Amino acid sequence: MSRPLYSHSFTLRLGDTDAAGVIYFARLLEHAHEAYEAFLAAAGRPLQDWTGRGIQIPVVHAEADFLSPMTLGQAIRVELRPGALGRSSFRLDYRFRDTAGEPLARASTVHVAMRAAAAVELPPDLRELLDTG
Amino acid sequence: MSRPLYSHSFTLRLGDTDAAGVIYFARLLEHAHEAYEAFLAAAGRPLQDWTGRGIQIPVVHAEADFLSPMTLGQAIRVELRPGALGRSSFRLDYRFRDTAGEPLARASTVHVAMRAAAAVELPPDLRELLDTG
Amino acid sequence: MSRPLYSHSFTLRLGDTDAAGVIYFARLLEHAHEAYEAFLAAAGRPLQDWTGRGIQIPVVHAEADFLSPMTLGQAIRVELRPGALGRSSFRLDYRFRDTAGEPLARASTVHVAMRAAAAVELPPDLRELLDTG
Amino acid sequence: MSRPLYSHSFTLRLGDTDAAGVIYFARLLEHAHEAYEAFLAAAGRPLQDWTGRGIQIPVVHAEADFLSPMTLGQAIRVELRPGALGRSSFRLDYRFRDTAGEPLARASTVHVAMRAAAAVELPPDLRELLDTG
């Protein structure tokens, strides 16, 4: 597998868990999005900057697969890799691993750049961040 | 105690719970705010309408007391009562009860009406909704 | 399309939204899971009952597609339909619509019944609820 | 004011915000609890360890005051200080500041140590962590 574009670490907190004693599934996607936000900020293009330029980049598709239980207090690393890069859209793939590198979960998000309510071309600097081909 | 201004019911869902098997504490305040939103909508003045008039009504204070554990699948009723009503601010008090009427929790929120970033007088129709004195 | 197994309604609340002014994407999956919990409860088999029988039914896959923006205060109906039904697993498909019936989003969740940490056969009464074929 | 017992930093993420463009109020308390969890982990007594010893430490009171808007992407520091320390209970006070040290919000949580459903004495090592008097 290719080298990650970005790696992000977090600890699973009580608010991430549910009464089954493991991560509440939808919170995994929230942590995926936080890794994407951390990547943009680290690259000097934080999410809030796009909004200031009148561009929204909503998630139009999200998915997640759960491979191993994630529990309270667990240290987790997310690896972010770019997927298909279109004219107005891009896909990000996330791998969640424990501290030994064992896979815990996978996720993907697809985003579309929009101005007002119309799809627009990806801003060149955002495209450059993601284009590793 | 005075009659509630509004009563709202909900069921505690998996996403509301944490690994201790009960409600994650911050979610109680989210349910309090949802009761307030349901009250405004039932009164014909939904929260989104204020925004359309350039008015934000942020929460400036919130508090909660937990009296009895709330668990997955529990049916809960929230009673909403207005508290102190100021020129630009108002307080709402919430009582959470089980189906037998036993108290589960209490919460309060204080809101300030603002235009841009300045406190403004409460809109008359919002004041009227809350002024039960 | 087949008749839904269950229909569930909710209103989009402030806590569901984000600074882009629409639903925060991961909250859609939380509302999907709430529709599943409401279905189980309405069928007399609430989620908490399985736990009492030593059975966990975690989500092992989740996905969502966003078709139209969902905004604060919007009334939304979720239609729940069963998908592939395996020996230990089942899939649920969700369609989110506005009050005019227009599609807003789609989602799916795949669940696996487990006892302790091993996959087990679906409880017969849960299978019966879902087997509409 | 006394030196903080612990300082924790985080960045405000999209999932923390709401359609008003600022932090959704209940999320502040979630970040307060995360600071408490980070403090326990840094002290070598992570929250999950108490559960393993049959002890729950639920929040029985929480409150927050909002002093200045917190927005998407903002870097925030939480200072945690112990408050009143009882036989079975303790209070934690949180101060949220921006990178210039300006106050953004205050919060407090009160926790009670319980075994099964009865209040118990605070575990000595937890008391020691909090007793700075």
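For this structure, a couple of remarks:
As written, the chain order gives the labels A, B, C and D, with residue 1 at the start of each chain.
The criterion applied here is as follows: a residue touches a chain if its C-beta (ideal position, glycine included) is under 8 Å from a C-beta of that chain, and two chains touch if they have at least 3 such contacts.
On a predicted model such as this, the values are computed, not experimentally measured, just so you know.
In this assembly, C is the chain whose CA centroid lies farthest from the centroid of subunit D. C-beta contact counts were set side by side for A-D and C-D; A-D has more. Annotation: 23 Å between the Cα-based centres of subunit B and subunit D.
Note: centroid distance subunit A to subunit D, computed from Cα atoms, is 27 Å.
Centroid to centroid, with C-alpha atoms defining each point, subunit C and subunit D lie 33 Å apart. Those residues of subunit B in touch with two or more other chains are numbered 14-15, 19-20, 22, 26, 30, 33, 48, 51, 71-72. Taken together, the subunit B residues at the contact with subunit D in this complex read 19-20, 22, 25-27, 29-30, 33, 48, 51, 56, 58-66, 69, 109, 117.
Listed in rising order, the residues of subunit A touching subunit D in the complex are 11, 13-15, 30, 33-34, 37-38, 41, 46-48, 51, 71-73. By the touch rule above, subunit B contacts subunit A in their complex via residues 14-15, 17-22, 24, 26, 71-72.
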